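Heads up, the next two complexes both have subunit A, just with different partners, subunit B and then subunit C.
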Partner chain A sequence: MIELRNFSYRYPNQTRPALAGIQLKIPKGQFCGVVGANGAGKSTLCYALSGFVPHFYRGDVSGILRIGGREIAQTTLGILAGEIGLVFQDPFNQISGARFSVREEVAFGLENLGLARRKIETRVSEVLGLMRLAAIADRSPFELSGGQQQRVAIASILAMQPKVLVLDEPTSQLDPHGTAEVFEALDEITRDRETTVVIVEHKLEWLAEFADRVVVLDAGRVVMDGPARKVLADDGLKKLGIGRTQYSEAAASAQKKRLFRRSGILPITLKQARAFFK
Partner chain B sequence: MAGNTLYIEKDSSLHRLHPLTKLSVTLFCLICAFTLPDLLWLLAVYLVILLPPAALGGLLRPFLKSCVTVMTPFVISLTLIQGFFTGGETILLEVGRFAFTAEGALAGLTAAARILLALGGALLLMLSTRPDRLMLAFTQRGLPNSLAYIVLTALQIFPSFQKRAQVILEAQQARGLETKVGVVGRMRLLLPLTGPLVLSSIVDVEARAMALEARAFSRPGRKTSLQVLYDSRGQRIMRFGLIVLSLGLIAARMWLIFYD
Partner chain C sequence: MKLRFENVAFTYPSGVRALDGIDLSIGAGELVAIVGENGAGKTTLVKMLNGLLHPTSGIVWVGAWNTADHSTAELAARVGFLFQNPDEQLFERSAEREVAFGPRNLGFSERKTRERTRKALKRVGLLAKAQVNPYDMMPFERKLLALASTLAMDPPVLVLDEPSVGQDAAGRARIGRILRNLHRMGKTILLISHDLDFCAEHAKRAVVMAKGCILADGPAHTVFGQADLLRQAAVFPPQIVRLAQALKMPASPLTVGQFVSAYSKERRKGKRAN
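Take a look at the complex of A and B:
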């Protein structure tokens, strides 16, 4: 469904490309994690997937980026917004500022899509329940904590039911409980395999739990790409400044200290670690 | 209260009125304030047109409180200034060379009543109408969405802007910036305080513009609303009546000015 062919992008007045020769094919319904060190091009990839590159950020673009057969460069942001949802890192700036309650904030995108009021009400109620926001539905979005604002931002995008959901470090301001809620909600919406999720995330344990596939970026290039189990256990992640999950690290240390003789792919989740150490 | 507004949430028939109906009452009061000839007429309109709806909306107390708070300095200053300097035959008080006259005091009170009526009309609208509902009424009648958005965000973003300014001030103080200084020192402080505030606000504008695009704000075509504005034939007649009355008052005032 998502196809990048030799896609490169350089921001205006920059000498080094932010994305260089990206080759990616992400099928419909896949939960794809993106990891990389700072400046690896993760956010730029999110902007490209949602059309902000090249429609919002000018610069030099080459190669092809298609989503659902539609060429992104040829489609306006207004049209793309109905099909591709983007959740940003900073929750405060995602609040529209034009609505006075969480319920209305979640409805804002649906109003822009021109949905009937009944449909808006139904979708808003569903998403408020899914993101556990029903209790604060009548509060002002500006009075919420950072974590709550981020959940509202995610709910606002989820309500629009995009075919592709792109999330740029959505849990960076959330506590462990909030992070769990976000991933559980994502898991729920992707269960029917109708929504494709691309998520940039530093919390590798969560990616290990939910991602089907992980793409590793370094200096704007895809340096690793494969099933989460394989990529997140790879020793190469440490050299890229990303690190591995605590379970992989524990298993690798045990092997190194000869406490354990089992070989093969290292565990990346708690469940796998339990089986590994048994 | 909704954002940085005066709105007070209540479930009343006043609150449920179409925002344009309430706006037409506000505009009518404003026109009355500038066209009605004397104090009694002004007070009569205030008592008959503004107080009953305020009571009906459960807003009498905040309405009167706001009126008194805002009007007290006006009443005192206008009455004193006009009483002493307008002149007149009925002297009530003499202070040295200055005489405080009844005619002057009446002119001062009339001027204050004009302000009270205009203020009261606006206040009733603000206390009983959510700004987003008012903007929705406008956009339904052709106001561009982007313009309505600017008005609504201005109401909500300002407190956040103040909060950020406070954070920057504290951050600069933590770095040793002395803020308890004289006037010249305060002028020098402006750069380290406003610089980060302006720059971070510019960055915010870009981020918020992107967030709006992600929410299909620029999508072409019809937009809908979760909010429902109830209108009725009675309200439409009332709005029409108020417009006719307002035009009549303006015409009468013009006639008095030019032909009396």
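Take a look at the complex of A and C:
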């Protein structure tokens, strides 16, 4: 389980905290989406959950952040790396630069974990298949398109089979089918309720489809938190600069025009919207 | 300014064939969305417009210029780019200097350069950050800054590669407003994006690419309604189009507004029929 108790963090030389008084409990196996306007603190939350704050980014930390009983501030990045995986927003930051093929790149983290050769090979080929990278396994990570690099970044982390998977806009450069595949893969991973996924994503349509829960950040604070079905339909998201799916917007607009008398929760997915408008 | 690709093919030195006989004409003042899977050749195609790449065979026309006869510097005055990754185009130590670089290079006076720079920064909402180093900015701000640099050069043709990526709803709306404004000014605009909801809101015409070829080219409301065709390009129709199709509506709305008015019209018709 992930637990943040009154957790605050301020980057060096900044006056305002990037995260302020965060209270969150994310149970094991949950698929948790994080949304917020640009600058709300989403990436910083990812850094905190993976230990980059405070181990890499200095600054002022207060409060408690525990994952699976371990206090992050007291645990080295080396130990955390085996348990928590972070997929960076920019895949370029993720690529080691020390390996010359996609296959070697995906194996890199596993080698650092000290796994046996045989085991590494099995896991690498599994993940290359899952992320549809087998065809480009021998290409250099630097000769790939942004979307392909993003797949490699996700594959490298998946291969390590972390207990907690933190992803910061992992699909920003993927085509829509690629995005669907990533969400389906994450859904698969959380199905056994052993792996926890925390994902920052602007594509609300996909969170609506797959997330159990959505946390909304604004200016470093948690301002909404609940089941995806409820949070993503909330009228308040607009004011927070986040917006809603076109399904919710269409339903809200139809209600406003009094095309419907019925009130209640707005649809967030295609299926729900179809039922709403039928 | 018109653009034309005449039987354009391109093979990378590694042997990867990225474009295969592309024929495409874009009229002056058109706003065209180019969509399709990763690796379809979209970026390769547009990079030919400013001579960053030259076709292995075929001709690329920018206005009356054959790009083979002009340098990238010359073409830059005609075709402005917003790259997918803004870090590829940012290099100065402040936002203001970054944006001023283009107009200054085009030979504008200091006063005129300054004027254009301020205006462009204002349009993208970064005027307050004029003195900030681009590398101290957040990724979404760097994207907006790169857009400001393009706007400051005021080229007749703009190529925007994934402008809405990483932007929240407010940023998306801002970029949408800038697009509409540029369109009204008569600019020729190519919008490359995986965000079909965004494309549907802004483009009148859509080109679908897959595996180095053009799969479809036509009015957005026709192209974006063809789920089977889009699937071949790893793309889904816009949300609102999927909803209209799921409800078997005869109209093909592209925006939430169009959907709601089409829906309300139908309900009225339905009531009368009863």
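We adopt the following convention: the second predicted complex is superposed on the first by the 278 of 278 C-alpha atoms of A that agree within 3 Å, B and C clash if a C-alpha of one lies under 4 Å from a C-alpha of the other, contacts with A are read in each partner's own complex, and residues count from 1 in each chain.
Here, a contact is a pair of C-beta atoms (placed from the backbone, for glycine too) under 8 Å apart; a residue touches a chain by one contact, two chains touch by 3 or more.
All values reported here derive from a predicted model rather than from experimental measurement.
Asks: Under the stated touch criterion, which partner chain does A:F88 make contact with: subunit B (first), subunit C (second), both, or neither?
Replies: Touch partner of A:F88: subunit B, not subunit C.
Asks: Could you say whether A:F31 touches subunit B, subunit C, both of them, or neither, answering first, second, both or neither?
Replies: A:F31 contacts neither subunit B nor subunit C.
Asks: Counting only touches as set out at the top, which of subunit B and subunit C does A:A98 meet: first, second, both, neither?
Replies: Only subunit B is touched by A:A98; subunit C is not.
Asks: Is A:Y9 touching the first partner subunit B, the second partner subunit C, both, or neither of them?
Replies: After superposing on A, A:Y9 lies clear of both subunit B and subunit C.
Asks: With both complexes overlaid on chain A, does A:F183 touch subunit B (first), subunit C (second), both or neither?
Replies: neither
Asks: Just to be sure I read the superposition right, which of the two partners does A:G241 touch: subunit B = first, subunit C = second, or both, or neither?
Replies: Only subunit C; A:G241 stays clear of subunit B.
Asks: Is A:W206 in contact with subunit B, with subunit C, with both, or with neither (first, second, both, neither)?
Replies: Neither partner.
Asks: Go through the superposed model and pick first if A:G78 touches only subunit B, second if only subunit C, both, or neither.
Replies: After superposition on chain A, A:G78 lies in contact with subunit B alone.
Asks: Can you pull the subunit A residues that subunit B and subunit C both touch?
Replies: On subunit A, the overlap between the subunit B and subunit C contacts is residues 90, 92.
Asks: Which of the residues in subunit B end up touching subunit A in this complex?
Replies: 2-3, 130, 132, 148-149, 152-153, 156-157, 159-160, 204, 207-228
Asks: Which part of subunit A faces subunit B closely enough to touch in the complex?
Replies: 50, 52, 56, 76-79, 81-82, 85-88, 90, 92-100, 103-104, 107-117, 120-121, 124, 140, 142, 153, 156-157, 160
Asks: Note which residues of subunit C are touching subunit A in the complex, please.
Replies: Its residues touching subunit A are 14, 36-39, 43, 84-85, 138-141, 162, 165-172, 194, 196-197, 231, 233-236, 238-240, 242-243, 246-247, 256-257, 259-260, 263-264, 267.
Asks: Any idea which subunit A residues touch subunit C in the complex?
Replies: Per the stated touch rule, the residues are 36-39, 89-90, 92, 143, 145-148, 169, 172-180, 202, 205, 238, 241-243, 245-247, 249-250, 253-254, 257, 259, 270, 273-274, 277-278.
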